[in-house]
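I have a structure here, written as structure tokens, and I will follow up with some questions on it.
Chain IDs A, B and C follow the sequence of writing; residue 1 opens each chain.
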Amino acid sequence: MKSGSIHAGASLRPRDPVTGEALPERAQPGYYPGFSIMSQKAYWDRATREVVEARLKPASPLRFFSDDEAKLWTAVFDHILPQTDRIPERRIPLIPALDERLQENRTVGYRFEDMPHDRDVYKTIGIQAINAEARALYRRDFLGLAFVEQEGVLRAIHDGDARAGEALWKQMSIHRFWQLLTGDAIEAYYAHPWAWDEIGFGGPAYPRAYMRLERGEPEPWEAEERRYAWEGPVASLSDETNDASHHHTEAEQHGHRPGKRQP
Amino acid sequence: MATEAQSLSVLHPSRDAEIISNHVREGRFQRSLSLITAGASIVSGLEVAYEHYRGSYSRRIMYTPVILSAVLGAAAAAAVFSRRAARGALRIASIVTLADAAAGFYFHVQGIRRKPGGWHLPLTNIIMGPPIFAPLLFGTAAYLGLIASYLQREESRSEVADDGRDWWLASLLPRAEERALLSEEQDIREGRFQKQVVIVAGVSAILSGFEAWYSHYKNNFRYMAQWSPVILAPLLAGAAFASIRSRWFARTALPLCSVAAIADAGVGFYYHARGVVRRPGGWKHILYNILYGPPIFAPLLIGAAGMMGIMASMLRRSNR
Amino acid sequence: MKEPLFGPFREQGNGKHTLGPMQHIDVPMRRFREDEPVDYLIVGVGSAGGVLVQRLARAGFKVVGLEAGPFWDTERDWVSDEAGSHKLYWEDARITGGSDPLALGANNSGKGVGGGSVHWAAFTPRLHPSDFEVYTRDGVGADWPISYDELLPYYEQLEIEMPVAGPAYFPWGRPHGYAYGPHPMGGVGNALIRGCSKLGIPVCIGGPVAILSGSHGDRPHCIYRGFCIQGCKVGAKASTLITHVPDAIKSGAEIRELSMASRIEMGKDGRAAGIHYFDGEGRPHFQKAKAVIVAGYAIESPRLLLNSSCAGHENGLANSSDTVGRYLMAQAGNVVLGRFDELVRMYKAPPAHALSEEFYETDPKRGFARGFAIQTVAPLPIAFAKQMVAAKKAWGWGLRRELMDYNHWATFGVLGEILPWPENRVTLADEKDQFGIPVAHVSFNLHENDKRLIKFGKEKTFEVMYAAGATEVVQEARYAHLVGACRMGADPGTSVVDKFCRTHDVSNLFVCDGSVMPTQGSANPGLTIQALAARTADYLISQGDAIFTSNRRDMTPPRLRRGLAPPHTWGKGVPRLT
């Protein structure tokens, strides 16, 4: 933790690239200050309005996950889609949407043959896998690790760099496991109107149309872009990307190697 | 003067201007106005043809303005050469086209209502739906044609002609209106219809100014020049409406604003044409770019209002 | 303004079943008894099923369409929202595998009346004439038992019925024009035009898409809101739900929603006798029929046939050739994403609005058979975020950062032809679904030709994206569409159905949907599927009662019956130039 910082957890917040100081938490991060999707809800159809408004309501109690499971997955998702740049009351809950999906046994409509059922992943195998990787790297369970160590565990899974032994990853493809986790985190975060405010997405537009289709012109009710520079927190390993475009096929890109011995 | 040179000569431009001015003053410009009508009709026909193609001709009635503008253009061209065509074909074509413009206005209003959100979203649906005033502006050419049909020809020698009165149309009306119509017709023949033209010019300026405003609003007023028709249109309209009561306005502010509007139309035409070729694909996809680029003929609409303003300023005021 | 002028929007429908903001179904639907055989029982009311139900009902047959999903009321059920639209997709259990497993669900499988046509992007290019003779020309894949010219009248007919918007002159394949005018461009389309124009690649602007560019009776034209694949609430995008099903119901057809077919019952006479299905509450039913048409698309159709194995058809119904489930195809659908310094805002305008088929045909110089198209795609935030995970391995803050730049990206899709291979197939898994029916296992494997084609297509699309002015270009590898798995052919030993979609093995059993396609070209399959359905319907109608009573196969091609089009088809659009 940086000395002199007023807020606890400043090392977890994005920084100003020039000064290296943690940026203040914002009600609305992103480059579209003042843009509010919800201010436009009167222009949407009723069905859409109800679906979007429901995401702003306090989440109902979890049904699928136990408290301990929820704790672990909350911690994991805090790394996959970190929100420490947001003031606490404007952080988007990710686990409730996942809990609801698993409780209702909804899937994306297919299961990779080298993957267990989603419910089994989230209830048992996935938890075992993350803890096993955490122990292999740092000799403690995931929740017992420091933030930056947790990042290390998840980056290893992200890289497909499994250490925890063959038996575990034979039940489950490490790449498809990562794809599942990121997919669920994204489905919750980028379905939320606050995330749309952040990225400047115009959101629902029926019955009202879009009229400025070209050159990225904003609609009268949209905001102009106002960029600011930032870089990832000190304690984070995730603010970097690796171009995977050289892979031509989906299987290669997702590290899927049929018949390849899993490490 | 009127009995002297009937043909213009480029050798004496000042005298030509005087001749034209006199012809207009005395209502003796049927041929020139017919020529203008023919040109205007062809331009607006082209415009409506591709605008309606954008709407996919999804109703058969969308073909009518395209056909009528060709008919009107032909009638007006014939009127340049024939007095009979001017009083017959041109007049009928103009009246039918005006009626079609009114019908078009109705359908465009309905079209906006039928868009999702309808009149709850007036601006969006005017911008993204059928352009609401376009049919009325389309009627401009027909209006000019109708006026032309009542004028005297340039070569006409009688100071006050009273031949060619449209007794038939007048006879359909009650007595008082019959007299009013006949006297209006007579005024036109004598070039004493300034008031009428300034009203039309003013309305036309307002409508085209509104069209310019919302089209450029759609474009987020990316260029400063996009404000020019929006500013000029109310000025022109103001000058025109002031001219109803004030002879002074008709002689000063009206021609001034009109010339500015015509110049702005030229500038707009240039920018729109440039905008079309600057679109992605440029000349390679010129037809598509004309279709969906800045409408190249649209700036001419405010020019047409300006032209009517000039014409009005040259006309005489009625006796009444 | 916080509120629309004149207050909130009026609620649509007044209790009627709405299909878009103006259209609604206002006649009661006919109901048939289960114990009396209907003439045609159609499994799946999607792209093909919707057209079949409408045509056959209009011709006077007693028709029931069984649909596993709901009969959508578009105002009530659909939303302008990505995460809220999952119910449009087939999300029942399926297993996917092989060396190159296919994503299913939202990627290619619809559920509910209208099927895939509810969530397609509505690109509607035709196949090229060469697609019908791939084997003859290139020595790979297969030939169709019909030629382009046999399907052509149906292409033209369906392009009017949908109708399809596009340019007056489409230069590739057999050149033709479209009835509805082209659409305006959004940021992605403009990028494609810029890139292609710079490289001298011809590009087709504003279509062909089955999205209205002008109003069409009770269907308003497109409002460019970008939620095409979430179901078009506007009713501007064609789906059989709004183009054909309303007329089917008016003509006396029954659409039986939430009815999951589990097995085709065979009679003692060796003919199909009806279908076992489960209703919404999971209760079993049996509907008798004189003829059965399976229109469940490339996974559910073979699954149903395989699940209907019985004495005499031990390998599954209509599977004496061991072809049911085989030759499944998806198209290469690599998404190439380019970041631009200026804003794009690609969520505006339909995802589908410009394309180039310049690389469609085989070019021996490239070192592989067949080709690909380049099309606009425009993912909404959730889909885009997943693409960033794949293309840039983004997560955590990197993912947040990429998404904050969402409005700077434009995306093109490669649509590449993958050849039909026997081991790319649908089989039955041990696992069962919520009704106890064995689920489909899909195995997909790329071959050398496919991989070369994908690499070339991807690289060419990169060139176009850079030429358009992108400063960074990345790519997500994926697949699009599904066809094959019950292919048509002249030889009963190597195909499942004949050229009129009748199974070789059972004379009153038909399969009519994307699964009958022997090859797929680089065209989105929706239009071809509907055209095949209309042609099959014309054949059935031309046969009258013979289908119900006789096992004789009349191979006379039918004539096109224009009079069977939905009545609102006519009197709209521009005359065709070519």
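Assorted remarks:
Please note the rule applied: contacts are C-beta pairs under 8 Å (C-beta built on N, C-alpha and C of every residue); 3 or more make two chains touch, one makes a residue touch a chain.
Since the model is a prediction, treat every value here as computed from it, not as a measurement.
Of all chains, the one whose mean C-alpha position sits at the greatest distance from that of chain C is B. Overall, the chain located most centrally, as judged by its C-alpha mean against the mean of all protein C-alpha atoms, is C. Centres computed as Cα averages put chain A at a distance of 60 Å from chain B. Centroid to centroid, with C-alpha atoms defining each point, chain B and chain C lie 50 Å apart.
If you average the Cα atoms of chain A and of chain C, the two centres end up 32 Å apart. The residues of chain A that reach two or more other chains are 43, 206-209, 211-212, 215, 217-218, listed in rising order. Taken residue by residue, chain B touches two or more other chains at 115-117, 120-121, 128, whereas all remaining positions touch fewer.
In chain C, the residues that reach two or more other chains under the touch definition are 4, 9, 21, 184-185, 190, 223-224, 234.
Residues of chain B touching chain A in their complex: 115-117, 120-121, 124-125, 127-128, 217-220, 222.
If you check the complex, the residues on chain A that touch chain B are 43, 206-209, 211-212, 215, 217-218, 220. Residues 4-7, 9, 21-22, 165, 167, 179-182, 184-185, 190-191, 193-194, 196-197, 203, 205-206, 212-216, 220-221, 223-224, 234, 571-574 of chain C are the ones that touch chain B when the two sit in their complex.
Chain B contributes residues 53-60, 111, 114-117, 119-122, 128, 279-282, 284-285, 288, 291-292 to its touches with chain C in the complex. By the touch criterion given at the top, residues 2-4, 8-9, 11, 21, 75-84, 86, 89-106, 109, 184-187, 190, 223-227, 233-234, 334, 342-345, 347-349, 380-382, 385-386, 388-404, 406-407, 441-442, 446, 451, 454-455, 458, 473-479 of chain C touch chain A in their complex.
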